[in-house]
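In the two complexes below, subunit A is the common chain; its partner is subunit B in one and subunit C in the other.
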Partner chain A sequence: MYFAEPVAKLIEHLGKLPGIGPKTAQKLALYLLEIPEEEARALAEAIITARKNTKYCSVCFNLTDTDPCAICQNPGRNHRLLMVVEEPKDVAAMERTGSFNGIYHVLHGVLSPIKGIGPEDLKVRELLLRLSREPVEEIIIATNPTVEGEATAMYLASLLKPLNFKVTRIAHGLPVGSDIEYADELTIRKALEGRRVLE
Partner chain B sequence: MFVDRLQIVNFRNYDELLVDFSPGKILIYGANGQGKTNLIEAIYYLVIGKSFRGKDNSLIRFGAESFQIGAKISKNDQKITLGVEYSEKGKFFLKNGQKQKSFSSILGNLKGVLFTPDEPVVFFGFPANRRKALDLFLAQTSKTYLLSLIYYQKVLTNKNALLKQSRDVENLIEAWNYKLAEFGAEIIKEREKCLKILNDIIKELNAQLRFLPGKIEVSYKTTGTDDKEKIFELLKQRYTEEKDKKQSLFGPHRDDLNFYVNGRDLKIFGSQGQKKGALLLFKLAQAVYMAKISGERPVVLLDDLYSEFDKEKKETLEGFFLKYSDQVFITATEPIDLKNYHQVVFIENGKVF
Partner chain C sequence: MKFYLDEGIVLKGSDFGEGHRLLTIITKELGKIKAVAYGAKKVKSKKRGALLEFSRTNIYLRQSNDYFIVEQAEGREYFPNLYGNKELLDAAGQIAWLTDRFWPLGQLNPKLYNWVLYSLRLLNSGVWPRIVLRNFELKLLAFTGFRPITTHCAVCRKPYRGEVWYFGAGEGGIVCPSCRPEEGIYFEIFPEVVKGMNALLLASPEKLPELLLDERVVDRVRTILEYFLGYQIGEPIRLI
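Up next, the complex of A and B:
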């Protein structure tokens, strides 16, 4: 199908977004052309404002509009408990639960030799640096239970344990509210290994 | 279980084919080059998620752009459909009409045992071929085995990439070794357990069938152990060696299984006839294992047995396979002993009659 140059350009840009294929890009572009102009403008401005006003927190490397971020600055949070996560979206997921009151450290990735990602490409040095000056006692490693996430967790543990930190790993197991019969076999086995006595 | 219906489109020399099968012994006959093995290949494709003898892009019928294979499977009283579609864009699998993330999520739905005349040479060649044969069997019967295998491979690829880096990576390698040891021990444990059972079955079958005169033994030779702590220690001690060679030297990916007759290694000392006999016993044992241990009788595919055995031996063998499976496909160039079969299919130039 033929599109006028500006429309083609819009489709091209939308198509670069993650999870958007050529068809969806076309659909979105045509939608944006149909909505009232002020709505389209608001979207464009939202993108620009978000870009302009967010940066990575210089302490925990989460996305923030203030530096240090609201979590790092909050004296009400437990600064002796630090959780290491892969990405800013993991912080958001954890915060949504409202059940964690410690602070975070975002690695921005995981170890992946096949992609050429080593510790120097992650915020590992920064983690060690802040641990030397902050009152952290326990470090919870909450990388994903993927092969890379597990290896990263093991690597961090090997660095942190000799420094006398309490290092813990989030539990593996069955998703709450799901049926055992739909879980994959390794998940079930992990859940079995991590079983607890009912009090 | 058995294949109720097979439907293929643009696969090898078939343009469109729909054929219903009965359980029991099925003879597929026709002259050479008419498509007998292609039919076997299509069924086994749904067992292992790929062709046993060709790359996907070579399977598309000349002039077509994609191929499809679909099958209706009867399992106890349950019916399931499995399907695959391949084109240049990629391939995807379907179960009961639902698109699957990968083949591994449906592996084991159609359990099968295949024997082809070319196989003994391949099987008794490189150790990797024997590992592959064992893995294909075990992955069908154990989901944890399949998943361990997939994860092990992922960790291994990463570790090898690390070993190829020019810097010293000893402090980094432990994290990968730890996972490698965990999944590796699991794989070795399952292989040892399964081969012990298969070994007993093979001995018993050989006593009844008298395929190989003498004492037959299958053994698993591992470069690791089934204890993850010990593998981890081993990998730690051998770091320099692995770093020098730039690859992982210990673990299930380096293991082998060997067949012995009266203590002599078949792959070195065996005749072609002995190798063929041993492999058939191994396949038969797999069917027994599936029927007795995993509780699901497989579909058996025997390509061109007539060229391999005399009539009597062939019939005994088919009879044994039928004892442990619900459906046995047999290909032949001649329509011999038609009354022995539950269904006879004649194939000519990609058409079924």
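Up next, the complex of A and C:
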């Protein structure tokens, strides 16, 4: 289909976004052309402002507009409890629960020999430096329960345990609201391993 | 629209769109395929666990224009011990990586499929990972048409009688001193290493756990295979 050059360019740029195919890019571009000019301008400004004002926290490497980030600066949080996560979106997921009051460290990826990602490509060195100067006692490894996530967790545990930290891993098991009938063997096995006494 | 039911082992997976996974799967009847598992990253997905890497799974597939779509998946065999030990997980990762590199898309290779399965079972049951890996690498070469020649000189076909010879990647096996060119990379190969390679090459999955090989022999086989496998795929590789 033919489009005027500016529209074609917009479609091309939207098509570069993750999860957006050519058809969706076209739909979004045509939608953006139909909305009032102020709305389109507000969207463009929001993108530019977010780009300009967002950076990585120099302590935990989460996305932030202040450095250190609000979590790292907060004296009300438990600075003896540190959770290691893969990506900034995992911090957001944890914060949504409201049940964790410690601090975070974002690795920005996981080990993947297949993709050529080694420890030097992650924020592992920064984690070790940070642990040498902060009063952390327990480190919770909250990487995803995937092959790469597990490999990263085991690698971190092998680095941190000799340094006398209490290293823990988030529990694996059945998701709330699911059926045991549909769960796979590995998940059920993990759920059994992580069972606990009812209070 | 075509539907298939096949048995497969997931070699690797990557994120695809929002909550989906793009998988590389080796199957018994369709060979190596790429398939999209929609929603497989979501917590409530019923196929998520069955499509975990290194699981043996019954997969219901639908063929779209460019790729397969996983409609349902039912796990048949899991290897839980791999997930609690970095050495085993790395070994399984190496098996998956090599299989992916040597097995072209769309081609059938039931022998290699079975050997991937045997190797994962052996790793899961606690057999020395380095023996499992060396055996797998040699079988992989054999089942993909690159079986190294270890019984006679790859150039003049003179039978090997237990002397110190050389291993040449370009020649595809051992070469006698008189056939070895002056230039190029050749590994000195001793009788016990040739014997070890042959034992590994011929070992059945049942016999492999009982195979007694000196650590230095296994190490030498690794060095040779590292170069030979890298030579075949055209880039240097590192083996565990």
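Note that the second predicted complex is superposed on the first by the 199 of 199 C-alpha atoms of A that agree within 3 Å, B and C clash if a C-alpha of one lies under 4 Å from a C-alpha of the other, contacts with A are read in each partner's own complex, and residues count from 1 in each chain.
Just so we're on the same page, a residue touches a chain if its C-beta (ideal position, glycine included) is under 8 Å from a C-beta of that chain, and two chains touch if they have at least 3 such contacts.
The shown structure was predicted, so the numbers you read here are calculated from the model rather than taken from an experiment.
Once the complexes are laid over each other on subunit A, subunit B and subunit C cannot both fit and instead clash.
Within the superposed three-chain model, A:V147 lies in touch with subunit B and with subunit C [touch as defined at top].
Of the two partner chains placed by superposition, subunit B and subunit C are both touched by A:L186.
In the superposed model, A:G118 lies in contact with subunit B only, and not with subunit C.
In the overlay built on the shared chain, the residue A:G19 is in contact with subunit C alone; subunit B does not reach it.
When the two complexes are overlaid on their common chain A, residue A:S158 makes contact with subunit B and with subunit C alike.
In the overlay built on the shared chain, the residue A:G177 is in contact with subunit C alone; subunit B does not reach it. Overlaying the two complexes on chain A leaves one subunit B stretch of 1-9, 73-81, 109-117 or 145-153 clashing with subunit C, which is 145-153.
Subunit A residues in contact with subunit B (one complex) as well as with subunit C (other complex) are 113-114, 147, 150-151, 154-155, 158, 184-186, 189.
Touching subunit C in their complex are the following residues of subunit A: 18-19, 113-114, 146-147, 150-151, 154-155, 158, 175, 177-178, 182-187, 189.
Residues of subunit A touching subunit B in their complex: 111-114, 116, 118-119, 147-148, 150-155, 158, 184-186, 189. Looking at the complex, you find that subunit B touches subunit A at residues 143-144, 147-148, 151, 154-155, 157-159, 161-162, 165, 171-172, 174-176, 178-179.
On the subunit C side of its complex with subunit A, the touching residues are 12-13, 17-18, 43-44, 46, 48-50, 52-55, 75, 78, 80, 83, 85-86, 89-90, 93-94, 96-97, 100.
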